[in-house]
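Have a look at this one.
By written order: A, B and C. Residues from 1 in each chain.
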Amino acid sequence: MASVGFTAFAILFLIGMVGIFLWQSLPVWQQEGWSYLTGERWFFRQLEFGILPMIYGSLAVALIALGFSVPIGVGAAIFAAEILHPRLRVPLKIAVELLAGVPSVVYGLLGILFLRDWIYSILTPFDPLSGDTLLTAGLLLGMMVLPTIMTLSDDALRGVPTGYRQAARGLGLTRAEVIFSAIFPQAWRGILAAVLLGFGRALGETIAVFLVVGRQDNVLPEHWFSLRPLIEAGQTLTSKLGGAETHIAYSDPLHWAAIVGLGLVLLAIVAGITWLAAWLMRAKEVSDAPGI
Amino acid sequence: MFRLLSTFALLLALALPPETQAQTVLKINGSTTVNLPVAEAAEILRTEQGMAIQVDTQGGSSGGLSMLGDGLVDIGMSSKHLIDSDRSKYPQVQFEEIHIGEDAVAMIVSRDVWEGGVRALSREQLQGIYEGRIKNWKEVGGADQRIAFFNKSPGSGTWEVFANWLYGSAKKAPQVSFPEVGGNEEARNKVASTRGALSQLSASWADGKRVFPLALTTEDGRLVEPNSTNIATHQYPMSRPLFLLTNGKPQGLAQTFIEFVLSERGQQLVRKHGYLSLDQIE
Amino acid sequence: MRRVFDRFLTGLTALCALIGVSIILMIVAAVVWRGGGAISWDFLTDQIRLVGASGGIFYNILGTLILLVTALAVSAPFAFGIALTHGVFLRKTRSRERLMMWIYVLNGVPSILLGLLGFIVFVLFLGWGKSWLTGGILLGMMMVPTVAVSLSERIQALPSRYLDAAAGLGLTESQRIWSVILPQSFGGWVTGSLLGLARAAGETAPIMFTATIFAGATLPTGIKENPVLSLPYHIFILAQDSFDPATGEKLWGAALVLLLLVFSLSLAALPLRLHLHEEAKTS
């Protein structure tokens, strides 16, 4: 049946992507092996390819994004699902959907125009190099990921059957207590999935990050928790892929392999996180409260 | 729904003639510096002669070179000379460099650096900054301010010219990591809005209002500014030619285009965007 | 004490919601403020001149529309295939869950990787150069999960009385699909597609290596070596390389047009989704 054929193709698409990336990046794996992942130096002119700083950059930026968007997103979701008057739900939902639809290039523009200078002036006491930092990219990403977290957390909270709420209310609990004692224990899986999906999205975003992250290679802190690099420029897996090197790398097999390798690593990380999120949500039937 | 799909299919079929028309489109790619007069020339030829010309700036001068070498474009734009390793990467390709104008790479600084007294740098000082040994403007006669150096992105002809002058050849440049800027406008914007900033920029973009071009101190202590005279007479060390590259002698559409750029109207465009036209160079 | 905490939580979460709403308002305000002045009939119907310093964005809008229509056509068979497989052909819950997980993972693939894949397969292997079709295919594949899930939800939510009636009339499975399920779930396809298109319209990364250029393309005349202009790529390049202060307003004008396009697509899906949701609730 044609349906199954198309379905199979869609699945193979993903496997094919992994396969093609693996094949095209083979030279760098053969040449560098594990030191590709753990190496701290990327100097393409000398054919040195270590991507640890970019992995650090991607993680740092995504974690900052979550730090901003999770509290606000989950808070707003709680408000929308539990507290808000039902009439006002639709306008709020519309606002969130529109926010989710804003293209990343527009976010990038806003980052260049407003966020960059704002961060630069705020960070002045710390003597930053410029306004393009990992922090800037992280905050911008936070705004981009906020609607995702909000919508999915809202879905998770609404997915808890009303019976729980009624029972808890009947016991005399305040609304806050209902939320924490009755709803959260049921909804935490969905909320965690929302956070993971937001994380995956933040890791995969290219254009907005490219414009405000500074694009400086080989930035790695001495200690993993030192905060200094956050106010310096950095490089992420995506900002490298979206940059000039991808256009010029093809003339050298090793350079090209290193670039495609970035794609492979990014794919592996994001696919893993998304799979985990999907697994967490597996208990929810697809037919549960679609959309609004 | 079927009707929709079949209508679309019909439109698709109408839009696809049996042969692709790749030969009648002129494709150009390369340096953002050269792009300015070239893009405008393309616009004029499109309007006046109905030529189909596509211009893009992916990968800078190196991108122009590699896309020409890979056969993806007909003309490459470059703001630096070809070197042997460029040619050896594409042994089948016969690169023709067609000189269309002259420009220079200036070291530009932000207003606070300029007003802090820094007006020139020597080769040694620039090397020190590039290699990270000199980190503060006070070490080179300026105020106490961290040097914020922005390096041009990979593929940039501007960077190669800079590295050539500093180290004799781009290959000999040491490995460094600085924040990156892409095209000329991004470089200018970043330098204008960052304290203590320094970067490489096409001299014609250094307007003296938002960003300020430094003079270079030569071995015998002279200060050479990147103005038209010094560039035209090659006294300014980092002058660089603007090239259109082709594979073999230009033919057909490429030839028409290049002849236009070399004509008086084309050269006027070169001057309009702040570069030196061929007649101004010595 | 408990009351205080309750009030506090209410206030805190309300603040969060307020922050969310104000962000979208600020974004729209900023783009309108900066770009509103550039919008005019000429801007929308003229082509780019002087590398973006004057002229308009007509061919950019056209290019984006070409990509969207192609993406719609490409995504439809896959979305229907997946939704039908999930809703009708797969019996076991386990298999359904597995399929959905794959779809989620597909949805999470960063768009830059689609661009990279497209570059390798279409530009390097097939030698198509930059082509509008490549862009349409990549954007279409990106849309598939959104459309498939929306369709799937719709199929799941079909009132059982339709299917019962069909069974009662003795229809075969194939007839059930074509005469009952597909027509009834059409709304799900429309809403899913509108949402998917809204996302596809704003994407730069999948098309910047494979389908779009900055200047010089009008209408494609074939498949190979036939790029299009596009709104997001235009904005991306100008954001880094605007050559003239005059382009500033035009740059934001293009951003405003893109934003309006994306919002229209998103909002167009809304009435239908509300209607479908109501119907699902009452049946």
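Keep this in mind: a contact is a pair of C-beta atoms (placed from the backbone, for glycine too) under 8 Å apart; a residue touches a chain by one contact, two chains touch by 3 or more.
In this text the structure is predicted, and so the values were computed from the model without any measurement.
Peer 1: If we define chain centres by averaging CA atoms, which chain lands farthest from chain C? Would you check?
Peer 2: So the farthest one, by centre of C-alpha atoms, is B.
Peer 1: If I rank A-C and B-C by number of C-beta contact pairs, which comes first?
Peer 2: More contacting C-beta pairs are found at A-C.
Peer 1: As a quick test, compute the distance in whole Å between the mean CA positions of chain B and chain C.
Peer 2: Whole-Å distance between the two chain centres: 36.
Peer 1: Taking the mean of the C-alpha atoms as each chain's centre, how many Å separate chain A from chain C?
Peer 2: Those two chain centres are 18 Å apart.
Peer 1: Any chance you could list the residues of chain C touching two or more other chains?
Peer 2: 240
Peer 1: Using the touch definition from the top, which residues of chain B touch two or more other chains?
Peer 2: 182
Peer 1: Residues touching two or more other chains, restricted to chain A: which are they?
Peer 2: Counting only residues that touch two or more other chains, chain A contributes 112, 247, 250.
Peer 1: Give every residue of chain B touching chain C within the complex, in rising order.
Peer 2: Interface residues on chain B, with respect to chain C: 1, 5, 8, 15-17, 19-22, 25, 27, 32, 35-36, 39-40, 42-43, 46, 52-57, 72, 182-186.
Peer 1: Enumerate the contact residues on chain C facing chain B in the complex.
Peer 2: Its residues touching chain B are 49-51, 69, 73, 76, 129, 186, 213-227, 237, 240-243.
Peer 1: In their complex, what parts of chain A are in touch with chain C?
Peer 2: Chain A reaches chain C through residues 1-7, 9-11, 13-14, 17, 20-21, 24, 71-76, 78-80, 83-84, 90, 92, 94-99, 101-110, 112-114, 143, 146-147, 150, 174-177, 179, 197, 200-201, 203-207, 211, 238, 241-242, 246-247, 250, 260, 263, 266-267, 270-271, 273-275, 277-279, 281-282, 285-287, 290-292.
Peer 1: Where on chain A does chain B make contact in their complex?
Peer 2: My answer: residues 41, 43-46, 48, 112, 116-117, 120, 127, 129-132, 214-219, 233, 243-245, 247-248, 250-251.
Peer 1: Going by the contact rule set out above, which residues of chain B touch chain A in the complex?
Peer 2: Contacts found on chain B: 58-60, 62-63, 66, 69-70, 89-90, 146, 148, 150, 153-156, 170-171, 173, 175, 177-180, 182, 189-190, 193-194, 197.
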